[in-house]
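Each in structure tokens, the structures are laid out below.
In the two complexes that follow, subunit A is the common piece, with subunit B as its partner first and subunit C second.
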Partner chain A sequence: MARLVVLGGGVSGHTAATFAAKWLGSAHEVVVVTPNAKWNWIPSNIWVGVGQMSKEEVTFDLAPVYAKAGITYKQAKALSLNPEGNATSNKPFVTVEFTAAGKEGTTENIEYDYIINATGPKLNFGATPGLGEGSNLGEHTVSVCTADHAVHASHELEKCIQKMKKGERQKFLIGTGHGMCTCQGAAFEYIFNIEHELNRAGVRDMADIKWISNESFLGDFGVGGLHMKTMGYAVSSKIFAESLFTERGVDWIIGAHVNKVESGKAHYELLDGTMGEEEFNFSMLIPPFAGVGLKAFDKAGEDITATVFAPNGFMKVDANYAAGAYENWKASDWPKTYQNPTYSNMFACGIAFAPPHPISKPMSSPNGTPINPTPPRTGMPSGIIGKAVAHSICDRILKGENAPLHEASMANMGAACVASAGKGLFNGTAAAMTIYPVVPDFEKYPGTGRDTDYTFGEIGLAGHWIKHILHHLFIWKAKLKAGWTLIPE
Partner chain B sequence: MILEIKKYPTPPSVQYATDVRVFDQNIFSLIDNMEETINANNLDGLAAFQVGSYYNIILIKNEDGTFIELLNPRLISTNGKITTTEKTAYFPNLSAAVQRHDKISIVYQDRSGAQHSLQADGALSVLLQRKIDYTFGSTFLPKLSKDEKARFEKKLEFGADVAISEVCPTTFKRDYLTKLSNILTIIIAAIFVVSLFVSEVEMLSSLWKTQLYFSYGVLATNIIYFFYAQYEGKSYSSCTSCQIGNIVGTTVISLTKLTLVMILSYFFVNPF
Partner chain C sequence: MAGKKEEANIKAYSQNFTTMTPGPFAKKMRTCVIFQIIRFIIINLKMLVVVSKSH
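Now for the complex of A and B:
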């Protein structure tokens, strides 16, 4: 009997674990290690953050789902990896610390034959002074990164709405809280959902809403922007985004590295080297991401973290980390199998793998501060990668160690994104976009590096309906209800 | 080499621009050719996009004849608003009032790839913003206000920058009369439906009379509409003669609906 351990139960880890359990059957064991008791459909946190959904609607208990799937579930966080075993055993193992009530702090070594690192990111609030401490959100801003954060954000938003109803003008600052953030899309959704809710509450005229981000142009979204082919024209996401911001009366600051947050004030540095500050009454600033801080040790107990993980804490996989300058970047730099180059039974997927370089153009201020989005790994690519990795491991377990690995390069993968701009059955809006490939391939598609025939976008009510249907569809799939395998990632 | 500048109606955004990644002789030759093109056409600036290249390059001609070469420019910060009348080589002989940022700060790279920043205001600011729009595949059209866009599209139709004080609107006051006529006709039809459930002769008689009164109202509304609509159409010099066709058509449709519902009512509602 082989044992596959999956670290993390987010979109990528949950997809990998559930498919692996289905393909391996009861002859082999799948273990999921995740510190959370609940699964969270993170894209819908946006709606929790504006009070349009409850926490219960975007989460569910993992234990019964894993029990149904025959997966061993350990509510714990991974601390370290010993890919060569230790002095007493050659069997690789992962050390975990339990987080479940009654077992907090106790540790266990879980041996494995294969391991998938799908821990997701550490929300690195501590990277920006005032934004938070370590992975904990600070007191000056709100976040929608977790369901609990989103509930807190909706309460703060409601307080602002009450103040505006009493005639007190409020300033909203939404965007990225550091020069090296990703997830601009989530902030984009949140700012327009707030704008929509303020309209609904009848206080829009009392609000000044401003966007702040590390993108070098509006509509970069961490993928270097895109050209959406619609009605025969290729419209840049910059023009699309600027039109939307102008139409909704939302001002913007771009090319910004937020370097300090105080009560009611954010300080930032721009790409042209100038410094500025922006006051706010309500602010949601996405933190930068980092690896969760997993350590790795060899058989002798020596620290080999730098061998297994990149400096940012994400796991090294089959990517070209020596691509160098922007002009040398190629689609082929991006990983295909997500296998660790040192230990062939270790894989990483979702946000946990170390990308070879950003997708957006690297930029820095004259002061040397890097200010550019880091590559996003949204739900669709994360799910596809998780499934491909699970497929590879299952093949190796069932067909032998030489079974070929499955590939899922983001340079050969398209992605669909539906970004909400307001929730409502009849007045909701969402921008539906597809992009192919996610990572531009300048050799295959000279120019933008993308195939504009498969890159298009549209904004409207239908987009909102799709977003809402997807919410129910993906929670259905994650709960492993009837027909879950038929629902695409 | 002087390059051909793409002009309307070649769609500008079917092509698109992308950042310069490799700073090599191809790029330098393109920049040199763009300089020649600017001089030959007496332009104040040019985006590579305008000459059919997808590279994100802008050239601005200084008063002393030298050039500012901006590769991969990004508009980083803005301040204030300004509305000026702009012309661009893409729309020869045409102009439009465009609202822009008054003061801007941009970052860009030079031929060697080194990054610089530039602050601009007034005419240079407007010129840079227009050229940066090109590098993202757009003319100034999406920047125009609704009214100005309608005016500019009229200018495009005429092919010249003629003074057009107003445009033919898409909605008129006469539309209210059409709406009134439709509402009255719907009421007549509703009475017809109600009459199907009524058998008392006295009641049917009063329903038929009501329908008759309403039908006179529809008739009168259409007569007023027919004459007022023509008067209103003439007050817009840019409205074309096809307006009369619309007016006649609308009147005929309205009266046909009235006739149909009244014929049905005559046989089913009228008790006499």
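Now for the complex of A and C:
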């Protein structure tokens, strides 16, 4: 019997574990190690953050789902990997620390034949003074990165709405809280949901809403922007984004590295080296992401973390980490199999793998401060990669250790993104966007780097309905309800 | 005021002066249920192609 251990039960790890359990059957064991008792459909946290959904609607208990799937579930967080075993055993193992009530703090070494690191991001609030400590959100801003954060954000938003109803003008500052953030899409969706909610509450005219981000142009989204086909033109996402911001009366600051947050004030440095500050009554700033801080040790107990992980804490995979300057970047730099180059039974998927380099053009201020988005690994790529990695491992377990690995490069993969504004079925609209491929391939698609037949975007009710359907479909799928395998990632 | 309401958010000499802005027809179509049902079908089909090209 072989054992596959999946670290992280989020979008990517849950997909990998559930497919692996289905493909391997009861002859082999799938273990999931994840610290939370609940699964969270993170994209819908946006609606929780404006009070349009409850935490319960975007989360569910993992234990019954894993019991149904025959998956061994450990409510714990991984601390370190010993891919060569230790002095007494050659068997690789992972050390985990339990987080479940009653077992907190106890540790266990779990041996494995294959391991998937799908631990997602550490929400690195601590990288910006005043934004938080370590992975904990501070007191000056709100977040929608977890369901609990989003509940808190909705309460703070409600307080502002009440103040505006009493005639007190409020300033909203939404965006990224550091020069090296990703996930601009989430902040983009949140700012327009807030704008929609303020309209609905009849207080829009009492609010000044401003965007602040590390993008060098509006609409970069961490993918270097994209061109969408419309009315016979391939139009840059910059034009669309600026148009939407203008239409909704939302001002913007771009090329900004937020370097300090205080009560009611964010300090920032711009790409041209100038410093500025922005006051706010309500602010949601996405933190930068890092790896969750797993360590690795060899058989002798020597620290080999730098061999297994990149300096940002994400796991090294089959990417070209030596591409150098952006002029040399190629679509083929991006990983295909997500196998660790040192240990062939170790894989990483979703946000946990180390990308070879950004997608957006790297930039820095004259003071040397890097200010550019880091590459996003959104839900669809995270799910597809998780499934491909599970497929590879299952083949190796069932067909032999030389079975070819499955490939899922982000340079051959699209992503569908739907950014809603509002939740009502007939009054909410959404910007629905697809991008193909996520990583531009300028050799295959000279000029825009993307296939403009499949890279498109538009605003309307249709996208909004799709967002609603996706919410229910993905939760249905994650709960492994009837037909779950038919729902694409 | 003789100007068009939907163009009022564009501010002279500001960073948003260079952008495009939707007129009333473009805005109306966003919430026109019949048009959006058609778009819903088209967007879904396009997304399905993107999904199938990605797996």
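Here is the rule we go by: the second predicted complex is superposed on the first by the 488 of 489 C-alpha atoms of A that agree within 3 Å, B and C clash if a C-alpha of one lies under 4 Å from a C-alpha of the other, contacts with A are read in each partner's own complex, and residues count from 1 in each chain.
In this text, a contact is a pair of C-beta atoms (placed from the backbone, for glycine too) under 8 Å apart; a residue touches a chain by one contact, two chains touch by 3 or more.
For clarity, every value in this text was computed on a predicted model and none was experimentally measured.
Once subunit A is used to superpose the two complexes, subunit B occupies space that clashes with subunit C. By the document's definition of touching, neither partner reaches A:F98: not subunit B, not subunit C.
Looking at the shared chain after the overlay, A:Y268 reaches neither subunit B nor subunit C. When the two structures are aligned on the shared chain, A:Y326 is found in touch with subunit B, with no touch to subunit C.
Of the two partner chains, both subunit B and subunit C are touched by A:S243. Of the two partner chains, subunit B is the only one that A:G447 touches; subunit C does not reach it. Judged by the touch definition given at the top, the superposed model places A:Y114 against neither subunit B nor subunit C. In the superposition on chain A, contact of A:A432 is made with subunit C only, not with subunit B. Once both structures are laid onto chain A, the subunit B stretch out of 95-103, 149-157 or 239-247 that overlaps subunit C is 95-103. In the superposition on chain A, the residues of subunit A contacted by subunit B and by subunit C overlap at 239, 242-243.
The part of subunit B that touches subunit A in the complex is made up of residues 11, 13-16, 18-19, 21-23, 54, 72, 74-77, 105-107, 115, 117, 119, 133, 136-138, 142.
By the touch rule above, subunit C contacts subunit A in their complex via residues 6, 9-10, 15-16, 18-22, 29-31, 33, 35-37, 39-40, 43-44, 46-51, 53-55. On the side of subunit A, the complex with subunit B involves touching residues 216-217, 224-225, 227, 232-236, 238-239, 242-243, 253-255, 270-274, 276, 326-327, 329, 361, 363-364, 366, 442, 447-449, 452. Those residues of subunit A whose C-beta lies close enough to touch subunit C in the complex are 239, 242-243, 245-249, 251-252, 380, 384, 387, 408, 412-416, 426-427, 429, 432, 434, 436, 454, 456, 458-463, 465-466, 488-489.
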